[in-house]
Amino acid sequence: MTPDLSVKLGALTLPNPLIAASGCFGYGLEYEQVVDLSSLGGIVSKGLFMKERQGHPPPRIVETPAGMINAIGLQGIGVHRFVNEKLPLLRRAGARTFVNVCGTTLDEYVEVCKVLSDAEGVAAIELNISCPNIKEGGIQFGCSLDGTYHVVSAVKKATHLPVIPKLTPNVTDVASFARAAEDAGADAISLVNTFLAMAIDVETRRPRITNVLGGLSGPAIRPIAVRMVWECYQLVKIPIIGMGGITDARDAIEFMLAGAAAVQIGTQNFVDPFIWSKVIDGMQDYMKRHNVARISELVGTFDPAPPRAVHA
Amino acid sequence: MPVDIEATVIANERLSSDYSVLSLRAPEVGRRTQPGQFIMVKPVGVTDPLLRRPFSVFEVLRDATGNIAGISLLNKRAGRSTRKLYELEPGDVVSCLGPLGVPFKPVQAPVEAWMVAGGVGLAPFATLAETLSALGTPATLFYGARTAGELFYLEFFERRGITLALTTEDGGRPSGRPCVKGLVTVPLEAALQSAGPAGAMVYACGPEPMLEAVAGLAARYHQPSQVSVERVMGCGLGGCYSCVVPVKHGDEHANLVRSCISGPVFDGAELVWPSTSSGQGTP
Amino acid sequence: MTPDLSVKLGALTLPNPLIAASGCFGYGLEYEQVVDLSSLGGIVSKGLFMKERQGHPPPRIVETPAGMINAIGLQGIGVHRFVNEKLPLLRRAGARTFVNVCGTTLDEYVEVCKVLSDAEGVAAIELNISCPNIKEGGIQFGCSLDGTYHVVSAVKKATHLPVIPKLTPNVTDVASFARAAEDAGADAISLVNTFLAMAIDVETRRPRITNVLGGLSGPAIRPIAVRMVWECYQLVKIPIIGMGGITDARDAIEFMLAGAAAVQIGTQNFVDPFIWSKVIDGMQDYMKRHNVARISELVGTFDPAPPRAVHA
Amino acid sequence: MPVDIEATVIANERLSSDYSVLSLRAPEVGRRTQPGQFIMVKPVGVTDPLLRRPFSVFEVLRDATGNIAGISLLNKRAGRSTRKLYELEPGDVVSCLGPLGVPFKPVQAPVEAWMVAGGVGLAPFATLAETLSALGTPATLFYGARTAGELFYLEFFERRGITLALTTEDGGRPSGRPCVKGLVTVPLEAALQSAGPAGAMVYACGPEPMLEAVAGLAARYHQPSQVSVERVMGCGLGGCYSCVVPVKHGDEHANLVRSCISGPVFDGAELVWPSTSSGQGTP
């Protein structure tokens, strides 16, 4: 019997818990040549505003120990072109498409979501209130409990689609933000977005990326992200989509044990675009070894009792 | 259709203390490669640095029976990954994702092909030279380096009937061959001034200021150009938007375009250069 | 002419900006066999309460990508034994000793500082209001602006020694905490302490360390720590002691460019206890190459203008 | 005075698919080492994993003229670093910090020395055997492994006049030598029951449950013991407090003591074991 990898996120059912993270998978179509999009649990689009955006001048990324900093600046084609040019192709490819929605104002969030509600083929809205790279990228909502509550409620009223706010880790108590989102009617939450970071070229005394500040992602942040998922899992009932430095099945399972109902993979997809089937294989292997019939049984089953003896 | 394969190192010939030619058993990549395409590389098992690195396919290698056996890279030490690649030994394994990107469009006689290479910018021209020579296109390689010791693979090009126009910054010359002191744009401009009526396609790869100068010269003398740019690339597949360059079609506004999927080869006339651009998206 | 590595921290002058971080250098004396303690800018003791503490049951550390999580739980010998048993030896060794002071209550902070004021050979007090590993370790002060202000003011009144609060990075806006500390009379600030993190053994579903949660340190956190130093540098005038993942001279200089007047090295000291002279050599080499006579000239000279062209 | 040196790999003899003996050119470490001490190891240039790993010094190596040339480690694959060490080849370089820690205290006749090793716990006994044999102390090695194929270096000990008492869990026996099926504590207990009047010092190194059993047996039969414990060590120098074990002197409360500087060798009677301790600090 093959292990059952399907998971539920509220009303959505995904064939497996692996979702491509926003900004790390283009609009999905770029990856059609290396991966069958329908074989993923889902994909999240690059962040979209109403209008097109050019983003920040390059250089936009720099590597750091076990991680990378990016300040792309939400370059994107805007929601209308996305709906017209990308969505039909994504539907044809069988992708379950989550759309990462940005806004400079509460109204813009609402407007973008309305456009998406009228389109066909959107599985859910991931509300980006956490991009660290641009001042007007919603982070002012994401760093205030009231702001989080208001933008989520407003969007919920404007759309029938599931609304999944994506939380920033750059706060003192991420679980309180999860609760604010839940109170406002969020269907699930995604976490974490990137950590605000910077790197200096000491030879020139200049920044390594033009925007100076950027978001840290990759394996370096995983231990912090896992902690945040676990904190939120203990406080809220809505499903959590966990991410931050996942590189293999072990890492994905770590997030699920901590309480993630599904997971996203971002940076590692750059390192290995063929990662998806490897993680699926690794998960099935783990389930067989541990006699787990359904992957969803794992969610939140982390046992905080002391480690078993190191020596057998 | 790019593939990702774990390619065994067949040889790693050190050309100098900085340059080596890394030969890899990667027939699947070799068979698919067109001139100017690149691969994303990473020594297997290495997690630091995290990301892969882009490299032009240098040669497509064939075995004794003429079957494609792999590819080689012309590697120049620039930092951590390129140092690791320089130090690889036969038997080591490298992960190769590719081929990727938009290739050069070859031209045919009577149009001439003028390849302009600066330093490690030679890399994409070995395969282009093979293609041009198969097509019978008259071709010249304008090739500049800092010193004569950094002019590599000259016989490779001569054997394929490519005319050489060499320059070195220090005025040194490789034995038995003419060579001019200065930048590679000097002989190129001379050639442009006396271009035949059918004209020439100018291909360029090298440091950014050279590319800008070459594209500018080509435009000034009304010849088309194809320029291969180098940007920091996070993924090579269009996923991350790290590799953008400003590109302008006709009178449109310049757009930041991903050089991994819309390039690395661009029409030189459509690239917007630092000195002409208004700032945003300036490389 | 050998470059001048000396730096000032308020009234203190250190022969160089390199300080051994708290909890990563025992009580200093453990390292006498590998390094001349007087050759360091200073050393910070392990965190001390009034009384002895046993700390958390092991396992207490686990490695993560480019980092480690620790939950030692502030095992320590208490301030009295420290003053009697360690301080005389540290004085004899010529160490400039910063004492990392912990407390479960405001009164305990004050009491520990009073004991230290009466002792001989304390260069400064580093006020640990940021240990993520124990509930009563002062983090409740370090995560509230009022708490930070109050504990710093109270301690300032109780001692003539320089008081250097050590800030936690687990807050939304670290610079506001730097300001609160400055307003309360702090002589300098240290940042960052570790990031709250966790790791799960997926085979057993148990935590990798007994305390479940611990603090992430090492190169992984450096880009976030550098950003925080830069943010604080722009807001406060008191000197900043920067740390987080420093492994070599380049990293130390990165922190100084971002605004650190001195730096601490923690985790890397485990990897290479002989690091100190290597970093000093590397700094001198950098100063010669860049024609910098005094290392203190570098502080805060990061230039946020866009990077110079990548290609020469 | 520990040193930190970049030691070149002289040889890496694979004893099985899990075990190897890694010989390192490290005369400075070899000269300083006392039996039971350890070093903190890391392949040079490796940043992942971040931290060093503790290893007992296995042999002190001498060159043809009898001068100390280096040390060897008995390495068992347990995870990432030990796998890397297993794969090292001659010429590779390993960073060695040491020697560190409290050594075994050797005993002299008429007291006997009984060394009890479980698996890779054999490591500290090669140097102890040398010392005991030089002192002329009558010595026995009680040595248990899972299979006969994992009983290593038997001749090494025989050549130094050490009596062997071997056990395997599966009952297999190394050719030509007596060997008992079961745990190493079985022959040890038999020996303890018939110990001579001068008594014996029991030295132990191996898995935790074995150490607890051995220390318990020694105490029950009123013999002293010296036990080498293994804890996760972050630094090896007393800096990080990661490696603590609960230790109890007489009637005092148990204290968590750093095993890197107060150990790894402890008086078996002073260690507090999981089954007897009250919880805090339980390994």
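Letters A, B, C and D mark the chains in the order given here, with residues in each chain numbered from 1 onward.
Just so we're on the same page, a residue touches a chain if its C-beta (ideal position, glycine included) is under 8 Å from a C-beta of that chain, and two chains touch if they have at least 3 such contacts.
All values derive from a computational prediction rather than experimental measurement.
Q: On the document's contact criterion, could you list the chains that touch chain A and likewise touch chain D?
A: Common contact partners of chain A and chain D, which must touch each of the two, are B, C.
Q: What chain lies farthest away from chain C once each centre is taken as the mean of the Cα atoms?
A: Result for the farthest chain: B.
Q: Could you give the separation in Å between the centres of chain A and chain B, each centre being the mean of its C-alpha atoms?
A: Computed from C-alpha means, the inter-chain centre distance equals 36 Å.
Q: What's the distance between the Cα centroids of chain B and chain D, rounded to whole Å?
A: The computed centroid separation for chain B versus chain D comes out at 57 Å.
Q: Can you check how far apart chain A and chain C are, centre to centre, with Cα atoms defining each centre and the answer in Å?
A: 33
Q: Cα centroid separation between chain B and chain C, in whole Å?
A: From the centre of chain B to the centre of chain C is 48 Å.
Q: Which chain C residues reach two or more other chains?
A: Residues 57, 59, 65-67, 218-219, 306, 310.
Q: Going through chain D residue by residue, note those that touch at least 2 other chains and give them in order.
A: Chain D, residues with two or more chain partners: 47-48, 232, 282-283.
Q: Using the touch definition up top, name the residues of chain C that touch chain D in the complex.
A: Per the touch definition, chain C meets chain D at residues 23-26, 30-31, 33-34, 46, 54-55, 57-63, 65-68, 70, 72, 75, 218-219, 267, 269-274.
Q: Going by the contact rule at the top, pick out the chain D residues touching chain C in the complex.
A: 1-2, 4, 42, 47-52, 95, 97, 231-232, 234-235, 237-245, 255-256, 261, 279-283
Q: Where on chain B is chain D touching in the complex?
A: 47-48
Q: So in the complex, which bits of chain A are touching chain C?
A: On the chain A side, the touching residues are 57, 59, 64-67, 69, 143, 170-172, 195-202, 204-210, 212-213, 216, 218-224, 226-227, 230, 245, 250, 253-254, 257-258, 286, 301-308, 310.
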